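Each of the two complexes below includes chain A, the first together with chain B, the second together with chain C.
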Partner chain A sequence: MTGTTTLASVHAAPRVRRARRRTPWIDRIAYGTVLVLLLLAVVGPLIAPHDPYSVDLGQALRAPSGEHLLGTDGLGRDVLSRALAGTRASILGALMAVAGAALIGILVASIATIGGRWVDDIVMRFCDITLSLPVMVMALGVAVALGPSLRSAVIAMVVAWWPGFARIARAEMRTVITSPYVEAARVLGAGRWRLMTRHVLPNSLDGVYVQATLEIGGATLIMAGLSFVGAGAQPPSAEWGAMVETGSRYLTSAWWISVVPGLLITLTALAFALTGDSLRTRNHPDAALS
Partner chain B sequence: MTPSTPEATPILDVRGLTKTFGGRRAPQRAVDDVSFSVGPGAILGIVGESGSGKSTTLRCVVGLERADAGEVLFDGQPLAGADRETRRRFRRDVQMVFQDPYSSLNPRMTVEAIVGEGLDIHRAAATKQARRDRVVEVLGLVGLEATVLDRFPRSFSGGQRQRIAIARALAVGPRVLVCDEPVSALDVSVQAQVVNLLLDMQQRLGLAVVFVAHDLALVRHLCHDVMVMQHGVVVENGPCAGVFDDPQHDYTRSLLAAIPIPEPDRDRARRAEAASARRSA
Partner chain C sequence: MSTFRTKRALGLGLAALALGTVTACAADPSDSGAAGDTTLTFGVDGTVPSIDPVLADNSTVDQSVVPMYESLVDYDPDGSLQGRLATEWSVADDARSVTFTLRDGAKFHDGAPVTAEDVKYTLDRAKALGVGVAQFLSDYASAEVVSDTEVRINLASPSSIFLGGLAKVYIVNSKLVEKNAGSDHGQSWLASNEAGSGPYTLDDFKPNRQIIFDRYDDFTGEVNDAAPEQIVYRLIPESSTQREEMLAGNIDVADGIEPQDLEAVLERDGLTSVELAKAQGLYVYFNTQRPPFDDPKVREGIRRAYDYQAHAETILGGHGAVASGVAPAVMDCRPDIESFEQDLDEARALLAGLAASGKELTLAYQSIFAEQADAATALQSTLRDLGVSVKLKTVDYPTYIESLGAVATTPDMAVIWDNPPTPDVGSLLTTRYHSKFRETSTNFGQYADPAVDKLLDQANATGDADERCDLYQEVQQMLVDDSASMPVADEVTTVVVPENVSGVELYPAHTGYMPQTYRMED
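Right after this comes the complex of A and B.
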């Protein structure tokens, strides 16, 4: 009996170490937070305990209690309800801004890639110029010029943000377009449209996706910033940046009005940044930040 | 092996091909006034050390690089300034097999999409079913089962990948196959299989083949004609038997001397002889 056991253990295949490491716990928390935030952006207004817009001056500036879990603001509106309702404007706004910027960036990068050296030079120098301006300053300028509103803020961010995506996409496309499988398609007689849509685009967008995730956090921050200075969402709309601004007048007496949306902004920015970084590490283990 | 027939019109006739890289400041002439021709059904080997301009020559011929000078005649017609239809036919009739089968297959396309792409481009299959049938047929030619259709390149070995790449080239029914060191990236154990596959295809389909290699033993086994290049210049050109048995150029001789003889005693004796010849010189 013992002999059999020994033989079996000798012949047992050595356990193969799994190539991929386990996802670190902090990344899991980030993924979870992102999911919850996205969910809130969809259902937030529905699960709000009070109407986020109903003014009740008699209930103004109440501290957190059983009736108003996170207190009320200067007009007696429920802070929790407004924060939940604000998820939609803040996060979906940021998502739209990043999606728009990524889309335009990819489009411009595609044109630069197939357009030949002159087109490439002109387009990319234009991107460099745009990139040399701080995003906030540029977005602020555009938003104010368009007239302050949530929509202007989104458009302003797309305008300020696309060159970053164009740069990333173009760098990847330049590598892919010289790869042998693209050359093989060229020898077969594939036209530019087919080369781009079948070969270059599907193989060069990983970096853009990761960057987009990484930037959603930053976009939430800028979005809130634009609203805070009055260039984005306008009162009375429930939006985190605007809420922080409204509450700043009562910071010493009713801290919860500003602190609640402020914490949410921080949480969102952090969660998306960590998620993006985690995705980047998975895609390219060498490019990990730490 | 059928010998090349010089009296027939060459299917591919390259004249005075020249390509310079590196701009005005530091020009590097990669290909310098190279001319050759390949008859229908003939196999031409191009040999030379790394950087001798073999690959660049091929790339200029198939249009991946724009040549600075020279012309390519296909079926007796010059390609430069040719009409759309002639170019289309060239794109279909001249196909290429690349060196590295790991990077020459799009990782996000299935085998069916890879092999069928040429059929789409040239609208060679009327229906989806016709396309699939043709893809299965060519896969069969290169020794792959129809069950691989929906799989992606990553699940194949190097040799299998190169078979897929060959199937892709053959799918559109070319008359010329241009191979850029098609086996040098493969394991030695599968090199022979792929070479024999190429030879088999050449004979069955009557293809003209241009075969770039640095393995001279392979070229001798495979080719009718051979062209020896050094520093972008053709130093020797002619039927394989003649060039290998009676090399005229020093460079060809040194290349031939570098082929190991698979008999240790003879190999050692030849090396000793060569060494003493060097000493006395």
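Right after this comes the complex of A and C.
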């Protein structure tokens, strides 16, 4: 009996606490997938059944079997192990790129907000110019210029991505800074710095968080794309995009080499996009209605 | 950027596959060689930023200029040296000069006759520029114009490999080049224009993308009636892209299709393949002037670590063989050297010091070539198991060649395809291992050994073929014993051609296509 009660209360509790609507099942799947992926990014390389970097030419191009659950690639490396090891490079790389871009975006937005009209105009027009360039093209240029590597890819994405965040953060900050409680603080004699750090910043980052979650999926795609064209992770690194690229030579004879990381990229992009979307709907229910 | 473009196109293809909507790439019918027209479209791998014939030491550039230009002499498929622009030549008794007689009536594409002056200009130009084929002119001193059709070439020292080297020195139209010389001996003009006398003229050149040649009807050399009227080179660096283009009918001839893609192509009706055992090998070159590879024991350790057999079987898919010695197996004057075998225990012992030092080595390779990327990755993995850490570094060919200009910029190790400059083993040994070629971009390992130098000088100065051969064999044995380089595999290139094309043969001085020798039948 006690068991049932606990279970019932567990079920009941969120319904009471949460907003008006139930979370749709697809969102729950997305949340779960994101959690699993993040977990894999941390422990993935540890639970890999084989050494993801160990070449064994005698075992090349084996189809999925008991020993190699997802087969081996052209150099006899275990595809499952490489896919697991790649979780770290691909997802953490995307996370770092988005985090870096968000951080810079917030900083720039803060400067634009407290800097007065001129500063605001210059900074935001610069953002507009940068935003007019496609992210992939810009990231590709920067990554190639820096010399192809995973690190360059992350830096390139930060460079290409921050203006979007700056735009969102600045829009919210403009709203917050004119609100009565900020006015009140100002009247009480708070300086710019204090206004910004204590009142404006903490109240204007919701949009950035949501945007960041949304963008992680896109970032995973761009990251994989950069590696695929050779501007990102370099051999022998187990990064999904690079794995798809090496496998593309064998697509007709050994599909598993490309398809496994390809599906993982799709799954990650989809899960993060759905999660971001769901978070946005929860924060701004009106946005979902319209 | 062309690499990126093709890879992105492939990416789109992949995306389409993932969605389960496999759509065949729409072929452009105007490009395909329909029956009756004699245009032959070639898929070419590698990069051709410039078609200046002075750069013809690079095999991709060589095959791009060979239809348009002529050299004085060239090797036939049977390995004999034949006249091209020169009808005959005589070597002076003291072996310090050669006199060439030029073919009567030979004309450049602008109608100007080919004269002794043009030969002299070409040689002086290459020597002055000091790049590319200048490596074959290290013994060249001067040229004298005897008459319009006779030229005497004086040598600084007697050299038995000089004549063979001329197979890659393409004679340019001196008046035309001088008119466009600018301040760089016409390098920027010749980079995208031609001034040759060969069987084809240049129709269109888009750097790193496409070259179109048209047949030159006034050609006075050996005429091949069945040669295609138009030749199109399309630069397609990737095997899988070449395969798709071939299957779509967009290219007729390809030599860059790797074993895993070959089967699908040959299933197609009307296509056949010719295997050419090229004088090309895959090597790992060490920077022998810098620790740790100034120590022959460490070099041997690396050589012992690699699995050559598996390389030939898996990475080459059986289309090639384990290397034996520093010269490819098809060459003459090779000593009887057993192919190297993996011996991990010995490798571990030889590399113990290097592993303990914790030093990270750089291994350069060209990522657009799957075999090189695979070999680099496999070598890195084996060395990692032995405790030696290696960092892989992607380079493109021009950057790599530039890095060889100084010991300091030469990578610790480099995986690279290498082809002998000429079919004479002497030219391979001299340009790759003679210390006078250090820091000049042809001595890949910056190798220097006075004993080797001495033997090579002696061999190159002698006219006696047997004696030369003995000396070259001795040098090769010394190079192998000293682990001067790491020969990995001898390559076989498979050229896929339509069934109505014959005459696909290997001209030993040119490892690429020789489209003017192809015969098309109805």
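Keep this in mind: the second predicted complex is superposed on the first by the 269 of 290 C-alpha atoms of A that agree within 3 Å, B and C clash if a C-alpha of one lies under 4 Å from a C-alpha of the other, contacts with A are read in each partner's own complex, and residues count from 1 in each chain.
Methods note: a residue touches a chain if its C-beta (ideal position, glycine included) is under 8 Å from a C-beta of that chain, and two chains touch if they have at least 3 such contacts.
Computed from a prediction, not measured in an experiment: that's the story for all the values here.
Aligning the two structures on chain A places chain B and chain C next to each other without any clash. When the two structures are aligned on the shared chain, A:Asn203 is found in touch with chain B, with no touch to chain C. In the superposed model, A:Pro148 lies in contact with chain C only, and not with chain B. When chain B and chain C are set side by side, the one touching more residues of chain A is C. When both complexes are overlaid on chain A, the residue A:Gly74 reaches chain C alone and has no touch with chain B. By the document's definition of touching, of the two partners only chain B reaches A:Glu183; chain C does not.
In the superposition on chain A, A:Arg194 contacts chain B only, with no contact to chain C. The gap separating chain B from chain C at its narrowest, counted between C-alpha atoms of the superposed chains, is 46 angstrom.
Comparing which residues of chain A touch chain B with which touch chain C, the overlap is empty.
Interface residues of chain C, counted against chain A in their complex, comprise 3-4, 7-8, 10-11, 14, 17-18, 239-240, 258, 260-261, 264, 307, 310-311, 313-315, 367, 370, 373-374, 376-378, 380-382, 384-385, 392, 394.
The part of chain B that touches chain A in the complex is made up of residues 62-64, 88, 91-92, 94-96, 98-100, 103-109, 117-118, 121-122, 165, 168, 172. Here chain A touches chain C in the complex through residues 53-55, 57-58, 60, 74-76, 140, 148, 225, 228-231, 234-236, 244-246, 248-253, 258-259, 262-263, 266, going by the rule given at the top.
Put simply, chain A touches chain B in their complex at residues 179-181, 183-191, 194, 198-199, 202-203.
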